[in-house]
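In C-alpha cells below, several structures.
The two complexes that follow have chain A in common; it is paired with chain B in the first and with chain C in the second.
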Partner chain A sequence: MPIFGLWVINKAGGLVYQRNFADGLAQLTSNEYLVLAGTLHGIHAITSRLSPIGSSSGAQVIEGETFKLTILLTATGTKFVLLASVTETSAELILQKVYEIYADFVMKNPFHTPEMPVRSEGFDQRITTLMGSFQS
Partner chain B sequence: MTIYSLYIYDRHCTCVYYHDWHRTRRPKAAVEGGILPGVSHVVAPSQSPDTQGRPGSPYGSPRNTLSSNTGIVIAVNEMTPQTPSPLLQTPPPPPALSSTGLPFDEEAKLVYGVVLSLRNMIKKLAGREEQFVNYRTSSYKMHLYETTSGYKFVMLSDPGTDSLRFILRQIYIGPFLEYVVRNPLISMDSKERGVDNEYFRASVDRLIRGLSVFP
Partner chain C sequence: MAYAAVNHPRVSVLSTSSQSSLDHPSPTPSSTRFSLSSAPSINTLNSANRPTGVRPNIYERNLNKTRFAEVSLSSFAFLFSELVQYTQKRVNGINDLERRLNTLGYRVGTRVLELLFWRTESTSKAPKREIKLVPALMVIHTQVWKAIFSKPADAIEKSVENADEYMIIDNDPPIERYISVPRDMSQLSCSSFTAGIVEAVLDGLGFPARVTAHNTPTAQYPSRITILIKLEKSVLEREELLKT
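Entry: the complex of A and B
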C-alpha cells in the first residue's frame, strides 16, 4: 500500500510543497504539478456546490482505479493532498499528522513567509520519518 | 444509503438524460435553449403545454401514434398531452423545497466540467490509461462510468455507498441499449435532442428502486 506523494496547496490554489515518496505514478515536471494543483483547487470549489442535499464540503477523496487523492482542507484554506494507493486506509490519519508537522515546523518558523513555497529542512525531515513509519 | 441523481452525457459534452430520486435541493429549471429537449421534463424550461407541447418526451409511447382520432398516423407526435406515464411507479416529487440556486443547465455543465477535469487529472497523474472512478464529499459521492463510445454515466449517491460503477454499467447494458440504442425513434448523437423516453425512464427507475442501496 504505497504512498506516492504529498502536496500542500495554499489558499489561493498555489502549490507550495510537493514531494514524491514512491514510484508508480508518472514523473511530472514541477510546472505540471503546479497546473494540477490549480485544477484541483478549482474542482474542489465546484464540488461543494454540486451537492444534491444541503451544504457540502469539497471533495475529500478522489479515486482512480489504482490510486486515490485524499484531501484535507484546514480552517485557513490550506489543502493537504495525499496520493496513495486505493487500499491505503490510514490516509486521513497521515494527513492529520502532516498538518501537525506543518503547524510546528512551517507556521512556527519565523523565517517562513505565509503562502509561499515551503523550504524547510526540519519539515522535510519530519515528513520523511512520518512516511517511513507508514510505508511498509 | 440512497441515490440522488443520474446524468448521461454524450461524446459532445451535452447532457442527454437526467433523472433524480431523493434530492432535497433540486436545480432551477434550465433557461430557454440551455438544454436539449428530451433530457428530463422535470428540469426543462417552463413552457405552457398548449402552445409548445410537452418538451419532455415526444417519443412517449410509440402506440400513441396509432391512437390518433383522425386516422392519420403521425410519426412523431409533438402534441402529446401531458399525461403521467403509467409505467413510472411514482410521479416525481413536487418541486423541491429548496433549490440549489443554480439553473439545471449550469449544474449539468459543472458536473461535466468536474468529471472531465478529474478524468484528465487522474490520467495525467497515473501516466497511463487509468479511469477516474469516483469522488466523495461530506454529503455525496459521485460515480462515473464511461463507455467506449464516449457516453458518460454520472451518478450521485450517498457518501457511504460503495462503488456504483457496476450499476451504471447495468444501466448501460440494460435499459440504455434496449430503449435508446435499439430505439429507432431516438436519433443518437443528434446534438438536437436528448434520449428521454417513457420506457427508458421507467426501466431505469425500476432498476434503481430495486437496488439494495435504495431505501
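Entry: the complex of A and C
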C-alpha cells in the first residue's frame, strides 16, 4: 500500500510543498506540478459548489484505477493532498498527522513566510519519519 | 488607556470573594489598571480545572501559586516566533539579531530572578543568596531552568582554555523546538534569548558576564545548544579573595 506523494496547496492555489515517497508516479517538472496543483484547486472550488443542498466541503477523495487522491481542507483554506494506492486505508489519518506537523514545524517557525513555499528542515524530517512509519 | 475603559465583570467577583481577600493583601483591587484580563484565558488547562471559570486579574493572582501556571508550549512558540520575526525586520545581520534577542531575554531574566527568589527564599527558614560562582551557576542550571522550561539544563562545563568561561548545555531547548533556521543563517541561535535571561540572572546575582548562545549539534541531539558565559575579570578576582 505505497504512499506516492504529498502536496500542500495554499489558499490561493499555489503549490507550497511537494514531495514524492515512492516510485510509480510520472516524473514531472516543478512547473507541471504547479499547474496540476492549480487545476486541483479549481476542481475543488467547483466541487464545493456542486451540492444541491447548501454548502459542501468539496471533493475529499478522487479515486482512479491505480491511485487514490485524498484531500484535507483546513479551516484556513490550506489543502493537504495525499497520493496513494487505492488500497491505502489510512490516508485520512496520515493527512491529519501531516496537518499537525505542518502546524508545529511550519506555522511556528519564525523563518517561514505565510503562503510561500515551505523550506523547513524540521518539517521535512518529521514528514519523512511519518511516511516511514506508514510505508512499512 | 484603551483597556481602562473596558470595565470587566471579574473585579466585583474578586473583591467579594472571601478567599481572594486572603490571597491578595492589596487593599483595593483596582479596576482601572491596564488589565488584559477581559481577554479570554490562554491557559485552557487551568480554566478547565476551575468550575466557576472565573480567574482573578493576572496582577492580583498569588505569585506563589505555580500549579497549573504553565503556559502552553504552542502559545509560547507562536509568541516567540512573532518576536523573532519582529526583531528580524529591524536588524541588519545575524549578530545584530542575536544581540537584540539577548536584550529581550535580559528583560525577562531580571523578572525571572526576582520571581524565583520570591518563590523559593520567601518561604525558606534561612533565606540566602549565592555569592560563589559555581553554586550560582548550579542555581541557574537547575532552578532557573526548571522555572522557565520545567526541566533542568543538561550540563555545566568549564572551559579548558579560558578560566573565565563556563558553559551551560541544553540538549533540546524548548524555545527552539519548532524553529528551523534557514541554511544561509546557520550561525544564528535563537537561544540568544535564553542567553539574555542567563546574563540578567548572573548580573542580578552580582556576577557580571557576557553571555552568548551557540549551536553545538551532536548526532543524538541535533538541536543541542551551548550557553557560553564569559565572566568579567572582577568576578574572578573576587572568587580568588573568597577562597582564602
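Assume the second predicted complex is superposed on the first by the 136 of 136 C-alpha atoms of A that agree within 3 Å, B and C clash if a C-alpha of one lies under 4 Å from a C-alpha of the other, contacts with A are read in each partner's own complex, and residues count from 1 in each chain.
The working rule: contacts are C-beta pairs under 8 Å (C-beta built on N, C-alpha and C of every residue); 3 or more make two chains touch, one makes a residue touch a chain.
All figures in this text were calculated on a predicted structure; none of them were measured in a lab.
The superposition on chain A brings chain B alongside chain C with room for both.
Of the two partner chains placed by the overlay, only chain B lies in contact with A:43; chain C stays clear of it.
By the touch criterion defined above, A:121 lies against chain C but remains apart from chain B after alignment on the C-alpha atoms of chain A. Of the two partner chains, chain B is the only one touched by A:26; chain C is not. With both structures placed on the common chain, the touch criterion links A:61 to chain B but leaves chain C unconnected. Judged by the touch definition given at the top, the superposed model places A:130 against neither chain B nor chain C.
Comparing chain B with chain C, the partner in contact with more residues of chain A is B. Look at A:101: by the touch rule set out above, it reaches neither chain B nor chain C. Of all C-alpha pairs spanning chain B and chain C in the superposed arrangement, the closest lie 31 Å apart. Overlap of the chain B and chain C interfaces on chain A: none, as no residue is touched by both. Residues 4-5, 20, 22-25, 100, 102, 107, 110-111, 113-114, 117-118, 121-122, 124-128, 130-140, 142, 156 of chain B are the ones that touch chain A when the two sit in their complex. In the complex of the two chains, the chain A residues touching chain B come out as 25-28, 32, 36, 39-40, 42-43, 46-67, 83. Taken in their complex, chain A has these residues touching chain C: 104-105, 107-111, 119-123.
Those residues of chain C whose C-beta lies close enough to touch chain A in the complex are 74, 77-78, 80-85, 88, 178-182, 185, 190.
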